[in-house]
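Each chain gets a letter, A, B, C, D, E and F, in the order it is written, and its residues are counted from 1.
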Amino acid sequence: MCLAIPACVEQLTANNHAFVNISGIRKEISLALVEDVIPGDYVILHAGFALQKLDQKEAELTLAMFAEMSSLNRNL
Amino acid sequence: MPNNGKVKPGYKRTLDLKHGCVEMVHGNGGRSMAQLIQQMFVAAFDNEFLRLMNDQACFPVFGGRMVMSTDSHVVTPLFFPGGDIGSLSIHGTINDIVMSGAKPCYLAASFILEEGFPLADLKRIVDSMAQATKAARVPIVTGDTKVVEKNSGDGVFITTTGIGMVPEGIYISCENARPGDKILVSGTLGDHGIAIMAWRENLSFQTNIESDTAPLHDLVAKMISTTSNIHVLRDPTRGGVASALNEIAQQSSVGMMLYENKLPILEQVQAACEFLGFDPLYIANEGKLIAICAAEDAENLLNAMQAHPLGNNAAIIGEVIEDTHCFVQMQTRFGGKRVVDWLNGEQLPRIC
Amino acid sequence: MKYISEFREGALAHNIATSIAAEADPRRHYHFMEFCGGHTHAISRFGLVDLLPDNVHMIHGPGCPVCVLPIGRVENAIQLAQTAELILCSYGDMLRIPAANGMNLQKAKARGADVRIIYSSTDAIKIAQENPQHQVVFFAIGFETTTPPTAIAIKQAQELGLNNFTVFCNHVLTPSAISHILQSPEIREFGVVSLDGFIGPAHVSVVIGSQPYEYFAEEFQKPVVIAGFEPLDVMQAILMLIRQINSGRAEVENEFTRAVLPTGNIKAQSIVAEVFELRRIFEWRGLGLVPYSALRIKANYADFDAECRFQIPALSIADNKACECGAILRGVKRPQDCKIFGTVCTPENPIGSCMVSSEGACAAHYSYGRFREKNHSVTQDN
Amino acid sequence: MPNNGKVKPGYKRTLDLKHGCVEMVHGNGGRSMAQLIQQMFVAAFDNEFLRLMNDQACFPVFGGRMVMSTDSHVVTPLFFPGGDIGSLSIHGTINDIVMSGAKPCYLAASFILEEGFPLADLKRIVDSMAQATKAARVPIVTGDTKVVEKNSGDGVFITTTGIGMVPEGIYISCENARPGDKILVSGTLGDHGIAIMAWRENLSFQTNIESDTAPLHDLVAKMISTTSNIHVLRDPTRGGVASALNEIAQQSSVGMMLYENKLPILEQVQAACEFLGFDPLYIANEGKLIAICAAEDAENLLNAMQAHPLGNNAAIIGEVIEDTHCFVQMQTRFGGKRVVDWLNGEQLPRIC
Amino acid sequence: MKYISEFREGALAHNIATSIAAEADPRRHYHFMEFCGGHTHAISRFGLVDLLPDNVHMIHGPGCPVCVLPIGRVENAIQLAQTAELILCSYGDMLRIPAANGMNLQKAKARGADVRIIYSSTDAIKIAQENPQHQVVFFAIGFETTTPPTAIAIKQAQELGLNNFTVFCNHVLTPSAISHILQSPEIREFGVVSLDGFIGPAHVSVVIGSQPYEYFAEEFQKPVVIAGFEPLDVMQAILMLIRQINSGRAEVENEFTRAVLPTGNIKAQSIVAEVFELRRIFEWRGLGLVPYSALRIKANYADFDAECRFQIPALSIADNKACECGAILRGVKRPQDCKIFGTVCTPENPIGSCMVSSEGACAAHYSYGRFREKNHSVTQDN
Amino acid sequence: MCLAIPACVEQLTANNHAFVNISGIRKEISLALVEDVIPGDYVILHAGFALQKLDQKEAELTLAMFAEMSSLNRNL
C-alpha cells in the first residue's frame, strides 16, 4: 500500500512546491506536509506530496547493518 | 483578369499550411480532397507508383514467400521526444514485416483525420513519414484519407500496411521457440512508453528519455546473415516484453525463464516506473526486438547485434524451458522466482 | 536510484536469508502477517518466499485500500460518475474494483461516465478550476498516507472558493484494522490462525509514527517491526521478528528509521485533524463494520463533502458468495483456498477486490506466484 | 475448486457478447486484448494464415504484377439497409484491387475501436466481414486492433488493405482513357449514399433504397474475359461518378461528354436528391464501376455486363472527347450542355 | 416523380424553344432578369442557354438568401457559434459563406464551435429540448418562403416554454429587393443595364401571391411572369415575357398557376405577421442598405430573439475589393467580368457569396457554364 | 432559391403533421402552414413544411398548354 519513493529535492518553487529528481526524472511536487526542506534533501514522495524528509544518516546506518550482517555471515 | 489559358499546373490557391485546418470537405471525394492528397501526401511521399494516383498501386514482384502486416497508430501525444505518430507508423509496420525475416518492399498509408486538425501539424507528420520511408528505402505506394467530424476522432490516426519478401530458406515465426533456446533483446526496455507518458495530462514529468522508435530491417538483415538459427523475432510493442513473451510461449507451447539482472533498463525508465507504479516489462517499445535462437548461436548473434547501432545494448535475457503451462517466469535479482504474467488491466498511475 | 537500489541488493539479501535460516528455530513455525499490501507486493515481486525457510510463513493482511473498500462505496462512486455534468476524479487504482453485476468505474467510463484518472489530489483541484460548469468529485481513498494530500486539497478548495469541488471521503485507519484482526474470533477465541508477529506499515508509519503500535505489542503480546517496502527491509524485518520471538519479546521495533520517527509527521497529522474527524463506524470489505476505523469531513468543511452535497445512499452490498476475500484479508485463508481463484476470478475479471490491486493477495499470487502450486492447477489459459 | 490441470483451451470466462463493451484494456496488449482477438476476430475470420497469430502473415506468391490498395472506413451509421461497415470495408478494398484488373488474393484488417462500443455490435460487424470475405473467397490474413478513449473515435473505424495479382497482358489504369472511348457504368447511381443519408440524424426519411455494397471481382473477371480493350476501371465511391470522371479526365488529359438521358438512376434516389438539394452524380456508390473502353468493344462489353447480376442496369453513359481543359460535360435531357464539375463543398441538406 | 418529371420533358422543351425562336424579334435584344436563384440554378443545370436564341439574355438577380446576407451578419453568426455552451443551428447553405479573413461557419465548426446542420426549423426546437443546459440559437435566413417555418418554430418554443431557444433573424423580403434594383442608378438614371422583364419567384410567390408584383409592372412598366422552378416553366415564362414585350404589355402573368394564387398563402402570411415586423432598414450584400427590406421579431416574442438575449454588434464589413458580387446581384456585371473569378475565387475558396450557393451566379457559372467561355480561360486546375 | 418540391400526402399524423411520399421517399412534415389537406393531396414541401396545396387541375392545364404548343409547332 501507499506507493512512495525517495526523491531528491532540487529546487524550491512557488506555493511551497519543489522540483524533485528521481534518477533523472524531474517532477514538481508539493511540500505542504513537510517543514524545512532544502535542496539536496531527500523526501518520501507519495501521490505528488512529500510525506517526510528521508534521514540520510539513518539510511546509511541501516545499510551498514546489512553489510555488517554480510560479513558476520561470511565469518559463519 | 481571367488568366489566358496558360494555367500552370497545381491548384490556384495552395493549401494554407500555416493557418488552415482539416475540414469535412477534405474528405468528401471532391476537389478539396484531391488538392489535399496532391499537395500534402503525394508531394511528400512522391514515387512512380503513387504519382499515378490510382486507387491502388501496381508493381512487379518475384515469386516466393511474401509477408503482409497492418497496424493502426493512435498515439497520444502525436509528437513526442524521439519521434511522432508519422515516423512511428512507418517504423511499426516495417518492424512487423521484418520480424518474419522479410525484406520490406512497399507500404500503404491510410489517414483518418479529425475535423479541425491543423494542416501544419499534418504536414509535420507527413514529412516525418516521408523521411522515415526514405531512410528505410520503402516507398508508400498507395493510400487513403478520411475526415471524421470534430470529436469523432483524435487529431490523426494512421494505418499503415506493408508487404515484404522473405529470403529463401528463412522460416521465422512465433511458434518456433524450442526449450533450450536463448532469449535476446536488442536494447533497453520501455523507453518509448515512458517517453510518451511523460507528456500525458495529469502525469507530466520531465525526462530526457526519448522514444526508441526505429526501423529494424537493417539490424535484422545483419542478424539473419549471422545465423540461420533464429527461431523467433518479435517487436515488443504494446504490452511490452512480458506480453510478447507470454504470447510466444503460448504459440510455441513452451515456458520461459528470464534473468532479472540481465534486463537492460535505463535508470530513468526504472525510476519513472517506480514512482508511477509500473513495471518496465510491460512498457511499450518501438525500436526493439526480441530474438529467440538456438543456444549455440546466441553469443554469436549477441555480438552481431551489439555491433549494430540499433543493438548496442542487446542482451541475452533468458532461455526457453519446457512447461506445459507456458508460464513466463523470472529469476529475480534476489534469487527468488516469480511469474511474469500477461499485462492485466491498464497501466494507470497508482497510489498503491 | 539512490535509497532504492541499495535496498534491493541481491547479494545482501542472500546474507540476511542466511541469518534467518540460521536463527529460525526448526522445531517451530513462524507466522507473520505483513499488514500492508506494499509488503505483499515486495514479497511477490522479488520472490522473497524462495529465500525463506519452510517454517517461516507470510500471511497477507488487509493493508490495501483497494481491497478493503466495501462494494457499497464503490457503487456510490459509480453512481456519482454516472451523474450528468459530474466529473469523478479517481486514483488509477480504483478503476477496476468490481461493484454489483461486475460493473466498475472503467466500464462506467466506457459507457459514458466522465471519470478522470489523477496522480495527485491537486489534479482534482485543477480539473475543478478548469470546469466551472461541472461538479467535480474527488473519490478519496486510502490509509493515513493518502489522507493528508486529501486534506490539503480540501483546504486549497476553500482558499480558492471553489463551489464545484467536493470529496467523497473513504479514508480509513490502520490501527483500527489491526485491532480488529487481533480481536477476531479466529485468532482470539479459536486460535485457528496463529499470528506470531506483524510487519508494520512503511509509509503509513511515516505519517503516524511508531508509537501507535505500542498498544498491540503490549495488549496482544505480538512483536511488531515497522519496515520499509524494499525487499531488504522486509527480509531484515523478518529476521528482527524471529529474534524477538526467539527471545520472548513483544516490542515495537523500527527497521525503517530512515523515514519513520516515533511521533511520525506531526504537521501532516495536525492538518488531517483540522479537516477530518472519526466516523463512529465504517464498513470494510472482508472485515465488516469496524468501529472508529475511518474518517469523515468535519462540519466546518461540509461545503466540500460530497456526502453533504449529493444524495449518497448507504448501500450494503454483499460480496460474491464464493469470494473468500474476507477470510483472506483476516489471514484465515490463502488465495488458493478460494474455489473460484484463477477460474472464475482472474485479474481480467476480478470477482473480489483482492484480485484487483497488484497488492491484493489474490492478484499477487495469480500474477507472481502461481507457478509455485504443486499441481499448477491454475494454468495460463487460452 | 481449482480445476485439475485439464483446462480446456480458451479463456475461462468468454467475452460477454451480450452486455460487454469495448474497454481500454481491450487495446493494451495484455490478455484481454489477446482474448478479444482470439474470440472475436480469429474465430470469425479463421484461416491458416491468421491462425498463426503472428504480427504479420506469410504466404506464397507467384511472380508478376501485383496491386495493393488500402481504405479506411468511417461510415455513419454503422449499420444500414443493404450492409454495414463490415461488409463495406471488405467490398471497398476488393473493388479497389479489382479496378486494376487484378484478382484479389489477401486482405489485412485493422480496427480502431472506441471505448464503450458494444461487443454485440462489433460481433455483428465482424460476422458481416467474415461472410463478405467468404463470399468473395479472399481471406483476411492479418490484422490489428486499437482502442481509443470514449469521444476520441466513433464506434469503429476499419482500415482494410488488400493485395492482388494482375493477369498477364492486362494494363488497366486511370491514365488510359482515349478520345473516342465509351464510358459505361455497371448500374444505378447513388443508391449507397442515399441509403446512408436516410439514417442520418435530422434528415431521417423512409425509403426502401438499399446500399449497393458488393464485391465486383466476378463482374470484372467477366468483363476482362469479354474484351482486352478495357482502358480504365474505377469504382465511383466518395464524390460519386462526377468526381471519379473528373479525376480520370485529369489523369488521362481528356474531356468527357455524358448523356443525361442515359444515366441509370432509381426514381427514389432522384426524388431524395430533389428534396435534399443533391445531385445523384455526386452521391457515393459502393457496388458500381465505371468502365472506359474502346468504342468498338462497348456494345459487347455492355452486353456482358448486363448478363451479370451486378451489371443488370449497366449503361453506356457517355464518351471520351478531346479537351485540353479536361472538362467533364453533359448533354442535358433538354438538349443543353453543362459542365459536370468536381464536387464542391459538402453535400449538405439545403433550403436553397 | 409526379409534377416534377413532366416539367422536365426534353421533347416539350424543344417545342417551346422553337416558339421562342420563332417569336423573338431578331431586330432587338431581350434582357430578362430571373430574380430567383432557383431559376438561375435551373437555367444552368439544364443548360437552357443553349436552347435560347442569341438575342435573349438571362440576367441573374439577387434572389438567393445565401448571396445577399451581409458579411457582418455572417460574422455575428460565427461569433455566436464560438460562444461557449452555445449551439448554433443552421441550414446547410450557410456553412461556407465567407466572412472576414476567409472564416466561415464550417471552419468555425472545425475549430470547435458547436454548429448543427438542420433540415427544418423544428429540428432546432428538438435540439433545444435535448440540450436544456445549452443555449440554442437558430440562424434563420431566407426570403418569404422560409420565414413561415421560422415563425412556427418561435410559436412552438413559446408553447413549450423553452428558455434556451432563440432565433437570430435574417429574413428578407423579395419585393423590396426588386424595387431597389429597379431604382438603382444603373437602370434608372444611366440605363447601363437594360432590363426588359422579370421572371418572378416560384416559391416566394406561393406564399406572397402574385399581387405584390402588380406595382412593378405598373410603376416601372416591366412585364413579370411568375414561373415554377422546373426548366419547362422557365422556358414558358421566357416565351410569355417575349410575347408581352412584342405586344407592348407590362403585366403580371402567372405561369405557376399550380401553386401560386393571386393572394398567396393567407395563413402563412398571418402567422408571419403575428411574429415578425418590418425592420426600418437592413443591409444586403451587394445592394447595400435597403429600407423596409427585412423582418425582425416582434417585442411579444423578444424572449426568443437572439438579438435581445445576446450582445450582437452591428458589424458592417466591406466585401473583398476585387469582388463584383454587388454589381452581379444588380445585374450590372456577369461572373466572368470579375477579375478573380475562377482564379482566386473558386467554389472551394469563395471570396464573394455568389460563389457559395449553387444558386449564386458565380458558382452556377463556374460549376455548370465555364465551358462556354470562348477561350476556356478558366480551366480545370491541377 | 427556396428548394421545394411537390409531395403527395399519404397519411395525417399527430400535431398537424403528415407523412408525404415523393416517388417512394416517405418523410414526416408539418402542415402548420396549410389548411384542409387530405391524403391524396399534393403539397409544395419546403424545409419540412407544406407551403401550399398543389392545384392538380392547374398542373394538368399547364402541361396541356405545353403539349398544345407542341402540336402547334409540329404544324408550323
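A few comments on the model shown:
Note that a contact is a pair of C-beta atoms (placed from the backbone, for glycine too) under 8 Å apart; a residue touches a chain by one contact, two chains touch by 3 or more.
From a predicted model like this one, the values you see are computed outputs, not experimental measurements.
In summary, the chains found to touch both chain C and chain E are B, D.
The copies chain A and chain F differ by a rotation of 180 degrees on their C-alpha atoms, rounded to the nearest 5. Although chain B and chain D share one sequence, what matters here is the overlap of their interface residues, and that overlap exceeds half of the numbers used. Greatest Cα centroid separation from chain D: this falls to A.
With chains reduced to the mean position of their C-alpha atoms, the one farthest from chain E is A. Between the Cα centres of chain B and chain E there is a gap of 54 Å.
If you average the CA atoms of chain B and of chain D, the two centres end up 28 Å from each other.
A straight line joining the Cα centres of chain D and chain E is 38 Å long. Among the residues of chain E, those touching two or more other chains are numbered 1, 4, 37-38, 64-65, 91, 106, 119, 123, 142, 146, 347-348, 359, 376, 379, 382. Contact with two or more other chains is made by residues 24-25, 31-32, 34, 246, 267, 270-271, 274, 277, 341, 344-346, 350-352 of chain B.
Annotation for chain A: residues 1-3, 5, 22-23, 46-47 touch two or more other chains.
For chain B in complex with chain A, the touching residues are 204-209, 267-268, 270-272, 274-275, 277, 350-352.
Taken in their complex, chain F has these residues touching chain E: 1-6, 8, 22-23, 30, 32-35, 42, 44, 46-49, 51-52, 54-56, 58-59, 61-63, 65-67, 69-70, 72-74, 76. Residues of chain E that touch chain D in their complex: 1, 4, 8, 10, 13-14, 17, 37-38, 44-51, 64-66, 91-93, 95-96, 106, 116-119, 123, 142, 146, 231, 347-348, 357-359, 363, 366-371, 376, 379-380, 382.
Chain C meets chain D in the complex at residues 106-107, 109-112, 336, 339, 341-344, 346-349, 373, 375-379, 381-382. Within the complex, the chain D residues that touch chain B are 24-25, 27-34, 52-74, 96-97, 99-100, 102, 106, 108-112, 141-144, 146, 148-149, 151-154, 157, 159, 161, 163, 166, 173-175, 234-235, 237-240, 243, 246-247, 251, 282, 284, 341-347.
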